[in-house]
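Following are the structures in question.
Same chain, two partners: subunit A is paired with subunit B first, then with subunit C.
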Partner chain A sequence: MIHEVLLWGLYAASVYMLLSVGLNMIFGVMKIVNFAHGELMILGAYITFSIATSLSLNPYLAIPISALFTAILGVAVERLCFRPILGTGKLNEILVGLALTYVFQNFAITAWGPNLRSLGSPYAALSILIGPVSLPFDYLMGIGITAAALLALFAFLRTESGLSFRGTSQDSEAAMLMGVRIGRVFALSFLIGSALAAVAGSLWAISGQMFNPFTGAHLGVRAFVVVILGGLGSIPGAMIASLILGLVETSVAFAFGGVWREAAAFLALTAVLILRPMGVFGGGPRYA
Partner chain B sequence: MPDGIPRVAASIAPLLLAAAILPLPFGGSAHLIRYATLLWISVLYAASWNFLAQSGQVSFGHAAFFGTGAYISALLVRDAALSPFVSMPLASSATALIGLGIGLICLRLTAWFLAMVTFGFPIIIQTLMAYQLSWLTGGWDGMPSFRLFSPAMPLYHIWEYYSVCAIVGLALLTLHLLSRSRLGLALRGIAQNELASRVSGIGSYRYKLLAFAVSTFFGGLAGSLHGHYMGYISPEIYEVGTSLNPIIFCVIGGLGSVGGAALGAIAVTLAWDLLRSLGLMWERFILFGILLILTIRFAPGGLASLLRGWPPLLGSIRGGRGERMG
Partner chain C sequence: MTQRRAVTKLQAIALLAIVVVIALGGLYYYMALMPTKAPPREILVGSPNPLTGPASKHGIEMRNAIALAAEEWNAKGGVYVKEFGRRLPIRVIFKDTESSRDTAVKVMTELVTVDKVDVVIGNFGSAIVFADQVVAMEHKVPYITSGASSVLLTRRTDIDVSYYFNTATHTELYPFYTMPFLDEAFRPAINKKFGFPETRNLRLAILYQDSPYGKGVLEGCKLYISKFKPKIEIVEAIPFKLGETDFRPHLLRIKESKPDFVYMAAFIPEQTAALTQARRDVGLNTLFQSVICNDDEDFYKGVGQWGDYQFQETTGTTSVPVLKGPTRENGERFVKAYRAKYGKLPAQMATHIYQTFNVVMKAIERAGTLDKRAIRDALEGIELRGEEYANALVCPFEGDVFRFTKDHLVNMRIAVIQMRWNEAKGENELGIVWPDEYKTAELEIPPWYAPGA
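Coming up: the complex of A and B.
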């Protein structure tokens, strides 16, 4: 039983990780939290679903196309919605994110209907035995693709464009004075963040999870919990918090029943924030 | 904070109240009376949210207080055999106590941290009400909440309508006066710059807690009115939509004032149901999402700031500038 809890925790954590790393990256350079990140994720899942079913393609091959579409959408969101209100107050940024969740969620309902859908994986019957645990192949693929995507991201951050990224997140004004085109960095952060969200959503759907247009909000909210738990802008914090949340949720669901899964996430969040108001790895109290 | 908006509220709110009180019960159908009653309750709910917002604390989980007020009042009437008119203030006070506790947790949190923590409370309380306390609340099946007047009474819905009007009117007036008092001034100062307010001798923790208590008191009152008016409550009252409605009302109507909350709740509810009657169901959310973004970008003071100076006699008594919040 313990093995299954661990496995499910690790697998859920990989989805949270992809979402939260994207969120953190956007926060790092723009200092905004995109509350519609979960919605981008579920749109990514739906696009993968549509491509895979209409072309009867292997869903894993549809992920890159879906990531591309979602990335373009993310850039549009950044330019049209977030850039104009940048610096006018955190409340405005939160509310724009909220408005975007309405737009995307209900766009998904009008386009794909409100019912639960599932996207069959060609490998659904396949599992691999490692020691005492039988690992479904799709979980393994999910964990593997997540690791590959994160490694690619870290490799990117070491390149010259990555340097402008890191510079912008440390001090955007100084970066601008050094000739970094921070507008382009902002757009790029949304591009990468949305692409990662689409990958997360697609992996979630392929591994046999049912989804509907509201799933994005549920998973998105947990990704915020992860990001906030770990401390905004801290990628190691987000990774550790993903693992903590994945494990806390599965063990609480195991001990008290599935109905406490969501409440447990928020209880953990509240408990942590009482002690560390800016998250585990966040800075001290600031008055911004 | 917009200095002009409270004055707009002062001029518009009594007008709206008078307009609502006079013709409806006499000329309107039972359906219209019901519609208007629920509309007044959402005005109060939105105004309670807006009171907290003026302190710069944005609650993403006001359903926690709306629902808890409704449950406590219904339980008091059922199990302690109180009249709803006695149980409602008691339930609101109990909600304010809970709100004070939650406020204490939220004191040091700002922006996203506050948004996520407040977002979680209705979910936690919903799980409690639906499962752990189901012996008391009937779980997901819900429980009856006695109406304000017995349906056997002649013209009871008109009595109900007037009672709701009177309670909501008094509550709105209280909220408005509190906003214009030193308390409101301190809260707006904290919203603009907490550090500067503390330096000027405003104990920001005390004021923020007070804002939480007042806001949750009236949020609980709105919820208990809603529960008694509907005659039934279930844990669905804690759904995310219940928390987000007042945010939409107040952003579109005008953040931080009673007038803005009233304008927003009325305009958005009417537009919402108009779109429904045009056959738009989910598309309404898309339209409102776009409207929200446009409002934040081009009219951050909301409808209240657009209506300043209109109608000429009421709005332009004293001018003020609309400003962005947050």
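Coming up: the complex of A and C.
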């Protein structure tokens, strides 16, 4: 039974990973917390749903298109909503983020209605035996796509564009003086973060979850816990924190009941913040 | 020449106070002498529902059903009210509670103090009704809901709730149907299939939402078992947080308790996630029953093939043939009319509020006046039988009579659906397997089913 608990903890971690890495990347570069990140995730799931159902397409094939649309939306959000208020105070950034959650939720209601939606997988009945555990094929796909997306992200961060990205996150003024077009870097952080959110939302929905325009808020909160736990701005921190959170939540829910799950997540957060106030990998942006 | 002294501060305050007193007095005099309003020429129904926010799916369905019911009454010329000697048309004022308690209180205040509605019909969610109920009760406006299942709403003692009525299938009612189903139909079926002795207790696990609704279902089950002593034992009861999406740890715990059956008190996304993860992820090869609020087209679609053989409570009309009995014809007509107007099947929330609206209009007819006290008394004493029952209701009630219990609740009848996945059609087909009088299919134990210890 213990190996099953650990396995599901690891799977839960992979769901948090994509969402929190995107959120943390935006913070690392722009130093803003996008409270509407969970809503971007659900918009991604909706777009995948629309493409897959209208074209009778395998939902996995719809994910790249959905990621593209959501990435464009993310860039628009950055340009039109966050860029104009950048540096005007944290309160403005928080209010814009919260306002965007309402805008996205109501947009989704208008476009798709308030009813619950599901994304059926063509591989729903397929499971693969790994040791003593039978793992659904959709979960393996999810883990594989998550790993591929994160590897691609790390590869990007080692390119010249990635270097300007890392430079901007360390010191945007210095990067600007060195000739980095930080406006472009800001847009790029939203582009990648939003695309990752769309992939996360689509994979989560394909795994057998139903969603409505308000489902994103719940997962968005978990992503914030991960980001703070791992350290604001640190991508490896977000990945480690996702693992910690996934394992702690699943083990506690198994041992003491589901109502302790969130309490355990916040207790872990409190413990880490007492021992390392900047988070596990805190203390500045870190991308590798 | 003497210079005129300026007005002192004290004099200025005194002057201002006199002006304010005169203004208020004038306003009071004007309002007191205002000609009294012309007698109402329409029945004003206030309907607060969550039209936006997380509960908007249910709120919109309820609004649609109320609009349909009002339209049907108005097509007949309205409701006959003796005091006016004629039929009065109905006007429904819809308000959006935004799925929030604060907004619900605000809109209820508007409905009862500004719009001055005669009755309030609608709303969803026990917690929200718990908040806005206070306003309606303070102003003694009859308030009837069918979207709040907590029995506490009619039993709270901190305020006078004598003007509040609840037509929902409530948390104490579910076990009174689920337990007999398990004891009379399911337990004998597995005993027969696996050669268990008749004396063997059914091992029941309960997975419940950590909310008044979920806890109410658990308490109802315990109450039934202690009172009626069916051959059922609760081997595990696990709560989960509202909005939970990962049920694997809970299901692993349940698997360890080796149950024969799992009764789950959850909302649609939670129920869907748990059913999907039970067999597919943790290999819990058992059967689940879902509480009545999930009797919804969205659930049957969303759960897909993982719904195969699983059970669902119903009061009829949603996705199954309307339950047999005197209300069947009206139920079928309602489903047809709702589908024609809104392009989809009515969910349980729509069905229940639709018949609630009809009951309230019947009560107004009986009261013969729009006096709120008289409407309340008429609701309390209402008994719809025979033709009146068959024409106003769309779901069957105990004894084929509609009446409120002493604590303003109702006893709607509940049947049990078994889903069967049709691979070719890619959808779940629904058959009623219990009780016998409503049966449209035989209960089946799936080949993959594994009984408990």
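Here is the rule we go by: the second predicted complex is superposed on the first by the 279 of 288 C-alpha atoms of A that agree within 3 Å, B and C clash if a C-alpha of one lies under 4 Å from a C-alpha of the other, contacts with A are read in each partner's own complex, and residues count from 1 in each chain.
We adopt the following convention: a contact is a pair of C-beta atoms (placed from the backbone, for glycine too) under 8 Å apart; a residue touches a chain by one contact, two chains touch by 3 or more.
It should be emphasised that the depicted structure is a prediction, and the values quoted were computed from it without experimental measurement.
Q: In the overlaid three-chain picture, which partner chain does A:T215 touch, first (subunit B) or second (subunit C), both, or neither?
A: second
Q: Check the residue A:T110 against both partner chains and state whether it touches subunit B (first), subunit C (second), both, or neither.
A: first
Q: Just subunit B (first), just subunit C (second), both, or neither: which does A:P84 touch?
A: Only subunit B is touched by A:P84; subunit C is not.
Q: Quick one: is A:I94 in contact with subunit B, with subunit C, with both, or with neither? Answer first, second, both or neither.
A: first
Q: Go through the superposed model and pick first if A:G258 touches only subunit B, second if only subunit C, both, or neither.
A: Second partner only.
Q: Identify the partner contact of A:P277: answer first if only subunit B is touched, second if only subunit C is, both if each is, neither if none is.
A: first
Q: A:S118 contacts which: subunit B (first), subunit C (second), both, neither?
A: In the superposition, A:S118 contacts subunit C only.
Q: After overlaying the two complexes on chain A, where does the subunit B footprint on subunit A coincide with the subunit C footprint?
A: 106, 109, 114, 257, 259, 262
Q: So in the complex, the part of subunit B that touches subunit A is made up of which residues?
A: 56, 58, 105, 108-113, 115-117, 119-121, 123-124, 126-128, 130-131, 193-195, 240, 244, 247, 251, 255, 282-286, 288-290, 292-293, 296-297, 300, 324-326
Q: Within their complex, state which residues of subunit C touch subunit A.
A: 52-54, 56-57, 60, 210, 238-241, 243-250, 252-253, 256, 268-269, 272-273, 276-277, 280-283, 298-299, 301-302, 304-306
Q: How about subunit A: which of its residues touch subunit C in the complex?
A: 1, 4-5, 8, 12, 106, 109, 114-118, 120, 124-125, 127, 134, 136, 139, 204, 208-212, 214-215, 218-219, 249-251, 253-254, 257-259, 261-262
Q: Give every residue of subunit A touching subunit B within the complex, in rising order.
A: Checking each residue of subunit A against subunit B gives 33, 81, 84-85, 88-92, 94-96, 98-103, 105-107, 109-110, 114, 217, 221, 224-225, 228, 232, 257, 259-260, 262-263, 265-267, 269-270, 273-274, 277-279, 285, 287-288.
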